[in-house]
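Just so it is clear, A, B, C and D label the chains in written order, and each chain counts residues from 1 on its own.
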Amino acid sequence: MSEFEELKEVAYRSNMRLPELDLVLFTFGNASVADREREVFAIKPSGVPYEELNPASIVIVDFDGNVVEGEMRPSSDTQTHAVLYKHWENIKGIVHTHSTYGTAWAQAQKDIPIMGTTHADHLTNDIPCAPPMADDMIEGDYEVQTGYQIINALKDRDLSHEEVEMILVGNHAPFTWGDSAQKAVYNSAVLEEVAKMAYLSLQINPDAPRLKDTLIKKHWERKHGDDAYYGQEN
Amino acid sequence: MSEFEELKEVAYRSNMRLPELDLVLFTFGNASVADREREVFAIKPSGVPYEELNPASIVIVDFDGNVVEGEMRPSSDTQTHAVLYKHWENIKGIVHTHSTYGTAWAQAQKDIPIMGTTHADHLTNDIPCAPPMADDMIEGDYEVQTGYQIINALKDRDLSHEEVEMILVGNHAPFTWGDSAQKAVYNSAVLEEVAKMAYLSLQINPDAPRLKDTLIKKHWERKHGDDAYYGQEN
Amino acid sequence: MSEFEELKEVAYRSNMRLPELDLVLFTFGNASVADREREVFAIKPSGVPYEELNPASIVIVDFDGNVVEGEMRPSSDTQTHAVLYKHWENIKGIVHTHSTYGTAWAQAQKDIPIMGTTHADHLTNDIPCAPPMADDMIEGDYEVQTGYQIINALKDRDLSHEEVEMILVGNHAPFTWGDSAQKAVYNSAVLEEVAKMAYLSLQINPDAPRLKDTLIKKHWERKHGDDAYYGQEN
Amino acid sequence: MSEFEELKEVAYRSNMRLPELDLVLFTFGNASVADREREVFAIKPSGVPYEELNPASIVIVDFDGNVVEGEMRPSSDTQTHAVLYKHWENIKGIVHTHSTYGTAWAQAQKDIPIMGTTHADHLTNDIPCAPPMADDMIEGDYEVQTGYQIINALKDRDLSHEEVEMILVGNHAPFTWGDSAQKAVYNSAVLEEVAKMAYLSLQINPDAPRLKDTLIKKHWERKHGDDAYYGQEN
């Protein structure tokens, strides 16, 4: 029996949530979960349909992107996950989808503006859209560079990956992360819903303003501030 | 056994209707039901996913917002419910959702115009969008002030909460109410459908007029007037 | 046992198809089926949720709109059905829904233009949108007048109810009919799908032309002409 | 027992995938699968609802469009399938649907522009929209001519049917193909998703550019190039 049994099980369940939440068609997405002590993460095998997935098919990879255990080839996006786990030492889950509305904003090369409290309950900034990658990055080690594109897009805007747990890669699709695989999956669903709401709001009123700062601050703080009072745990 | 067993059961079932009707994602909504004799209401605990909800987890709160019974922290929107129950003495149910189309109109800061008989079957006015709250209200007792914002938005338009059982809070989301929890849930689904239809109508024809007064009056009266003939009960 | 047992069963099943096909929310729609020999039709009772409907609750009404059998009050739209059955002697089924896209076009007061073969497979004309009714018609016998509004809208455009089995009533919603209840239900679903496609096409290309006459004729004739070759029965 | 038992079974299962993937309403679509050795294909019978379909009802047709085996009349689009199988000697599956977003683009008479990596993972070109057919083609052998319209639209753009496995026929709807029926079904679902994403992207940003060539090339090659590394099989 593998020492990574439990990690594979969590990765399996997290991946299966993606079609359940209508975030992926066919194989257009993947979830991973990290074990920080052993410095590895478990990720979906490449191109395997969700209905054929099982815990045993999950691949174990280290933070440099080398396969540690598994019969199958890992997701083609594995190197992107590896770069993010390596640089952001406190995240434990990453999800990549081509969810419809999130991807539509990525293709439009636009940040998703913060327009309401649904958004502010989760982050205080527009959801950034990283610019499409430069040609030499694309032609080089593409998936590794995608990781750096994400990291640099946050840096350029002076954003922390702890406050902003989601991003669009321009012309590509969303990536999300969190301190667990479950949280990363949750963030993918939130991004998709917020993307749809912002789209509709701007169709109804192209001049609709961004949410004002007092409301941004209030909604963020009631969920995440020192005196948070949302949920059962703070 | 709690004296509020039955009230909790009704609150539980009303909350469970929200995901069934596709009105909430994750924990983005809550329903409550009031017992007017005992001057309390039963409401969803804060941040608990619907699939983990059960009648025993429902919290009992008085009309000043104090917890009367329950192990868990009540919904973070509890004070808004309390204010509405306190001021509108004949309502028995309140629902708050972040349903997609309703929230999109709230984010657009626009009333939902009355454009057809589907809308007129339920109310004779545009569905009001209360303006975003003033900064001192937000920074003060936010959820209490949200209640007052709703009450004042109806007053400012000279509308009665008995005729208009639904509202948008600007940049936030819909609230609905009624003489039962079931009716408040029903109103949330109606608001969402009417919000979607109005959105589509204005995309098809930006100059489409509001429904004319004779039709508004007719459809309202056949359902709610003295000589109503819709349904089995009038 | 009622002599109308079978008719009620057909009406029941036809009504139940409407929520199955996502054409109605709550009680926003009704289907009826006529028995031409006995000169009656079976229709949904008013305001009864579909999940509580059963064959015994179906109401039998004559073509003047008088209840012949049934414990419950018939649909508030019963008089509209009666007028159409009375004037169009060969139709045997009628359906009224507030389906989302069909209703959006009705609220926009626009005919649904024939833009593709999906539409032409079913009718060779734009789906007409009857103008909103005149005030004296609304204030008079509203549901009877709705029937006449439909009949007159076809007459004004020189259309036969045998070729065009669907219409929008302006600011209200779709009505469809056919030589069976099943066909009327089918037409309601076709109208909704065609309404959605036309909406999207015009969003993509506001200058998209109507379908050209040769294609309209070809698609209609391969399904309905003297030498039809679609399906198994011609 | 028929020698085509297995072929019929594959055709049956492929047709049943279309409603499962929400690509057809009622009978608005059909899938076929070819046996290149026996020079026949198996196709859905005309006008039969999917819920009544079974393997025995599938019709066997040769590449000139003559029925070889089967009690029922084959799909009215059979001659289009036959022309494509005859001319493109390596394809083994064809699917035709009236899927909502794909059909909307066909009605808009617009190619679906390549705007993101979801599209580039499957083809490196805009999805072509063949112009509506000339009147003499429509009035002649319509379904045969539809096949030639598709073949010629690719030729006119200097595209190979091996690289571009999907097309829109102007004012009509999508056709897709592949080296198996399963692949053709898959392509229909991809086309619909890509059609929806492109629609939304252009609503969000009408000036959004097409995907740049380096990204097109990279995503195509990682899935289909000589050094492909997506999936388990290259």
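Heads up, the rule we're going with is that a residue touches a chain if its C-beta (ideal position, glycine included) is under 8 Å from a C-beta of that chain, and two chains touch if they have at least 3 such contacts.
Model, not experiment: these values are computed from the prediction.
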Same or different contact residues where subunit D meets its copy subunit C, judged by the half mark: different
Indicate the whole-number Å distance between the mean C-alpha point of subunit A and the mean C-alpha point of subunit C. 46
Distance in whole angstrom between the CA centres of subunit A and subunit D is 33
Which parts of subunit B, given as residue numbers and ranges, touch two or more other chains? 202-203
Among line, ring, star, complete and other, which best matches the way these chains touch? ring
Name, in rising order, each residue of subunit B that touches subunit A in their complex. 25-26, 28, 45-48, 72-73, 76, 98, 100-101, 103-110, 132-133, 135, 138-139, 142, 171-173, 199, 202-203
Going by the contact rule at the top, pick out the subunit C residues touching subunit D in the complex. 115-118, 186, 189-190, 193, 196-198, 200-205, 208-209, 211-212, 214-215, 218, 222, 229-233
